[in-house]
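Across the two complexes that follow, subunit A remains constant while its partner is subunit B and subsequently subunit C.
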Partner chain A sequence: MRINSYGEKPLSTLEMGMTIVSMLVGVGVLTLPRSVATYTSSFDGWMSILLAGGIALLAGWLVSKVAVRAGNKNFLDYSVTLVGRPFTYLIAALQFSYFLGFCSYETRAIANISKQYLFDRTPVEYISLVFILVVVYGVSGSRSGLLRLNVLFLPSVLIMIVIVVCFGYRWFEFGNLKPFMITPPIGIAQGMKEVIYSLLGFEIILYYIVFMERPEKAPKAVMSGIALTVFIYLVIYQLVIGIFSNIGAMNIVYPTIELAKEIQFPGNFFERFESLFFVIWIMTIYNTAAMGFDLANECLSFLFKRSTKRYRLLIIAPIAYLICMAPGDMSQFATLGNMISYMAMLSGILLPISLLMFGGKKNNKEEKANDKSGA
Partner chain B sequence: MEHNGQPLEQPSKPFASVNDNLAFIKQSLGSPNDLLIRTFRMAEGEKAAVVCIEGLADKQVIQNQVISQLIQVSGSHFTRTERTENTGQMDDEYSRGLEAQTTEQLSLQDMRRSSDWDDIMLTILSGDAALFVEDMEETVLIGSKGWKSRAIEEPQTESLIRGPRDGFTEDLRTNTALIRRRIRDPHLRFESYCIGRRSRKDVTVAYIDGIVNPMLVNEVKRRISTIDIDDPEGSGFIEQWIQDHYWSPFPQILNTERPDKVAGALLQGRVGILVDGTPFQLILPITIASFIQSPEDYYQNWILSSVLRLLRVMAVFVALFLPGMYIAVLEYHHGMLPSKLAFSVAGTREGVPFPAVVETFLMEATLELLREAGVRLPKSIGQTIGVVGGLVIGEAAVTAGIVSPVMVVVVAVTAIASFAIPSYGFAITIRLMRFLIMIAASVFGLYGVVLAMIVTCIHLVNLRSFGIPYTAPLAPLRLSDWRDLIYRLPVIRLSHRPEILETMDTKRLTKKSKRKGTP
Partner chain C sequence: MTRAVHRRMLPLLLMTSVLLTGCWDRVEIDQRGFVVGVGIDEPDKKEGEKQGSNIQDHDTQSQDKQSGVSSKQTFKVLYQIVMPAGLSTNKSDGSSEGDKAYFNMSVEENAMATSMAKLSQRLSRAPFFEHLKVIIISESIARKPQKFAEAIDFFLRESQMRRSTRVMVTRDKAGNILNTHPPDQKLPAQYLEELSDNTKESSRILPESRIGDVHEFLLKHKSFAIQGVMNGNRNYSTVTEAAVFNGTSNQMVGFLNSKETAGLNFMEGHVKGGQIKFTFEDRLGVFSIERVSRKLDCTFGRDNLPSFIFHIEVEGSVDEVFHAPDTLKEPAISAMETGVQKEIVKLMESTANKLQHEYNCDVMGLREYLFHNHYRWFKQHENQWEEEGKLFSTRPVQMDVKVSVRRSGNINLTED
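Let's look at the complex of A and B:
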């Protein structure tokens, strides 16, 4: 039966902002307080978070400028007009592996954390297999449906954060935050690096801008998304430090989940809130993973133009599962995370921004040409 | 033309001879015994016959308004002698005069002429009478529909405390009248279709011109015109034929027995489909929020309705997740229960031979069985099943040590919650999804529950009802439609029709500007 398409405007600016938040808030925030606390002392990590947020805002602004330039064109098609086909193939391959790795990383993280907090016997292999299957199901639907899922899930995640913050303050000790400003700048910088890893992912605007009602608002959407994420990180970080202190946060694997564990509701009608917290958190991690998978599929479709979506998914899914199962232990897993972060820096931020410099002159010429032809 | 037992060919228009016409009708209908034929001579002496189906046509109307009138009244301007002058040829003038005379004499409102046999047959079979007059080229079709139909009663499936008590009946005319009585707008449109290759059912598309998006109406008409089936059974087949995704368990078209619900939907810019022969009429397009809304929400104070809607949302979640959560918590995450509760649950489960999974499936299946049996049973025995079921589920199963009392509580709460959902069709879907979530919970615990929920949400965001995203206005986010979603703002704030329907006329009310100064 034919489906008519009226009644669906593309994403509004607000929805795009929510999509960005869904992408950024993933597994990173669950470990973020620990990695920041490792390099900073007492409460000084806030500077790392804010500075990293500033850098991310700048990068997000630049990347979304590239996206705006591309306009209604797919980013990769736009890139072809700037740097030619061979180099674009390289970009597509890089971004493909980055998005795929991103998806695998999130999946493995889910499996690891589930293993620790939800199951004692179920093997990691099965946990991640089911997750990948659900991701494939999500991606095989319509892409606008996938984006709608972000809008549907984000509020429940935000509600969880609000609950944690509201009930967590019982254990908050102001003394844990003191003394201020004792970390050397090197420590702050190292902390910043960790935070930036958790703020990667706004590159999706390059691909999803075509869904926007008003693409020229993309920078605003991206920047507000990043700003909200930074705010969430800051709130969780100060709560973790206030409750566990810096030393405590350093030694807890998943401080954010432990934060939820501390929560006690009046009347004791519910215990081990962290299970529920994590279960709800799975929804936002799912969004991150699914969008990564979707964009990997998008990049692959550029590389192999004649393939159908079904075949592409069938090819990507096993690869994603293999990557996800590759790390044997936590340290290898961390290495995978670092590799993906470097790739994100390279393919998601540096390359598009360099395209911006490339594209400047050409774009002007094209515009002039268009003006002439229009006149 | 002599009828010698040879089958008659279907002519393009009625025969000149009444006898031939009657023979043809008898032959094509197979001379059924509910076919009423009354032949008589009109006042001028022309032979005439009235044909109708007994039980469908109102015999009083035919007797009083047709036959007695035609027998008594005389005054024909054209006589038979005029015709004999041009023997052999049917005199057009004479025929037309006869028609005019016949139709003038009948004091009937609903009357038309036709010379198309298919039309005549369909009209007779749908309860009207056909009048054949000797030498007249056309047949007079008399609106004499009048069969026994159910009186307007309170809707069985959707009763309200406060609200109108009338419900749709099986009769299409009554139903359209019920809507007309509520909307006296000249722009209210009823467009009729005849659907069903054999059943030839009347289907009416109702909408308000000037409010509704014309693209939506065109799409509805297009989809209805594609229906080619022996008989669209009730409104169900039509619903399933025209909905966007037929493999989805979620209803994408709302069915209702309440005229006020249809009238309200039309005023919002939706389209109604009224089907003859069923009290369940269709409303489209809908979103998932339509299932937790009830017309009562608008009759009551906005605070009460908002709270009640919230309650229904909770009911949906309870009906969907409670048994699954029970399984997940007892089988995988004992720690989530507070220690005191955990002890008491464990205490009651002492001696229960099954794991929680088996226990839950057993009891939920029993409940569904009971519910299905309750629907089938005659009303007088329906009470019995309630008592028996209550005893079996409540008392005996626990005493026999098959299930724990906590399980009974879970099953009972789930059942009550699913009855609180205003839409029956949606409640069935929830019942189905509940079992899926129970399976997911028994394999993967809470993780399984949340994955099942994600899968359901993926399915929902990909659904559309006539092009409208099913999860609107949650996603895509249309904040202005939130005024009448989970909560309902005061009437004065509901100033616009749903944005998602993209109506032609968006404003619903005009606020008088605030008066300046004191009165």
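Let's look at the complex of A and C:
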């Protein structure tokens, strides 16, 4: 990796942590309070969020261990040394489709939401087309520039959340949080599942670790990123329950946006806060989608070594658009989301972790074997 | 740049020009019809509607009569739309007389969204709801089963809508209320919104009923009360009553008058200010409320059924006393405190009595209290609370009110 110019300067641990947060905080948080509230009663979803966060932390730690072990090598190259080329092709294909689906899903989600709240008459197809075009533009530039965008955007997202929280407390009713601890364990577990879906995405560390100044600190970056995200979810969740109550949150499609709509600044000076909220939120979703796209491109480059980046992007963009427009209604869209989440678990978490075990046990033997066979 | 690059740029530029043709959603601000108030009434049965000052729609009615569908429509929806020209303040005095800042237009329909569509058939400006302030629903709609929820669904579902829009119920015609036009306010809807906020001035106004809260009540099957507004005439409307809705059937069962509304406010701990008229030693006094704290407790008796006690502490000052004794001395102060205390207990008891025995609607939050604090018990008796077992109406409710008169104004005695 050439790191001469300022823009190519390696990322510090903090910056990598911010990248992880930008990846995790996507469209999930806009609907998260609803999906958690659906399975839990009153305020018990906090347990779901914390437990899911714990699982994500563990998985994140393991995955980043894999990344650290790969060191300066690309994850896929590293996997070649462990399990050989054919199996790695399979992994690459799986991860390619996962990242592609991820990008498409985020695009469609933001297009749906923009259609509902911002653009009444603009067709969804058009909104997502424009969004994908901008994503393609972002991805076709320098990769570490893309990562720096996270560092640029994330603070404004955090400020936005702080504003929502501060002004939202005006309608907060503590009574809505009571009674505590009434959800059966099965409900908590179902809620957990929903939260975990919104915590997927930290596997990007496998690929982005090469940009880090000190790759051995990757686990710390990933874990702090996940922890901050869990904290954000928790804050938004308790605010939504406190304001809309459990059953209200269940029946509001985008509770977090309604939260932003509730906010009124004193003096009616700034009546439509949610438009600002949207602008900022689209920025973070743009980051998420762009990173997904970038990694899909990365996987594809492993599959087709000779292709140039421009052709790869030209291939990926239409596929992403097609996947994005495939779901016809809200329930099909949810199915797409579930499929992508399953793929994330499989290709983003289980596979790397099993590689870790594989690599851990047979590390020496494999390396020798691969040295002979490879080269 | 080389010529080849130029040649490549040309199609790109052409392509982008296709994308730049314009914005689908562009609506200039002067093309929007800002809807600030909505009134929902039952359609008129009589022919020949009374001509108000507003622009009524004789067109549709005659059309409807011709096709004979008039009776089928369930709602008569009145939209209040802003006329921006009338809002500007720096006008010459001469013309201001005739200028109104709003006009009302009513449509008969059985669904809100189609009524909006009908509205667009008549207005040059597309109706725009983001500044909707109040929705007034007439009693006749609210009393019909299901109709209330049907009427507000659109105002919750449509993406332009805010959950902070006010909802009120009126005994009157909603159309009359939306014609209230006091001289100092240009828009009736804004007038009503500000009026509904006056809870600091009067204890007889229920806290504003936001449509989002109403949505939650309907979902929770909680009985609830929303602000009532009455005697709408040209110059004023009064917001003081409370319309009581049954949580099981989600329909309105009756009104609480202004005193009972005050009692309800005390029980829910919503009182922020206002006056209480009291008598002590055959004298009349007025107590001004400054601070109220409310706590609800319950104890379970031998039959495993709860009995409730409201602990209420009121602080305030005396604003007016007729033929006062020495208002700085302890006996007079405690006499006044007892007088106020009795008055508040009376208010609350009359409310509790009406809610328990006449309406059988637990508006005062006992059910919520049990749900929050005695969940197990609540789960066992959930269905017996208001419905079958009528537990609610038989539960004893006690009022424990403590009043402190902190101040008695600038003077001690008026006459000697």
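As a convention for this text, the second predicted complex is superposed on the first by the 355 of 375 C-alpha atoms of A that agree within 3 Å, B and C clash if a C-alpha of one lies under 4 Å from a C-alpha of the other, contacts with A are read in each partner's own complex, and residues count from 1 in each chain.
In this section, a contact is a pair of C-beta atoms (placed from the backbone, for glycine too) under 8 Å apart; a residue touches a chain by one contact, two chains touch by 3 or more.
Fair warning: this is a prediction, and the values are worked out from it, not measured in the lab.
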A:T122 contacts which: subunit B (first), subunit C (second), both, neither? both
Could you tell me if A:F244 is touching subunit B, subunit C, both of them or neither one (first, second, both, neither)? second
Looking at the overlay, what does A:F302 touch: subunit B (first), subunit C (second), both, or neither? neither
Of the two partner chains, subunit B (first) and subunit C (second), which one does A:R272 touch, if any: first, second, both, or neither? both
In this superposition, which partner touches a larger number of subunit A residues, subunit B or subunit C? B
Kindly classify A:S12 by the partners it touches after superposition: subunit B alone (first), subunit C alone (second), both, or neither? first
For A:F153, decide between first (touching subunit B), second (touching subunit C), both and neither. first
Output the subunit A positions appearing in both contact lists, the one against subunit B and the one against subunit C. 118-119, 122, 130, 271-272
Quick check: in the complex, which residue numbers of subunit C touch subunit A? 19, 23-25, 130-131, 159, 162-164, 212, 215-216, 219-220, 368, 371-373, 375
In their shared complex, subunit C is touched by residues of subunit A numbered 116-123, 126, 130, 175, 178-179, 182, 244-245, 247-248, 250-251, 258, 261-262, 264, 271-272
Would you tell me which residues of subunit A are touching subunit B in their complex? 1, 3-9, 11-12, 14-15, 18, 114, 118-119, 122, 127, 130-131, 134, 137-138, 141-142, 145-146, 148-153, 268-272, 275-276, 279-280, 282-283, 286
Interfacial residue positions of subunit B with respect to subunit A in the complex: 213, 215-216, 219, 223, 244, 246, 285, 332-333, 335-341, 444-451, 453-455, 457-459, 461-462, 464, 466-469, 471-472, 474-477, 500-502
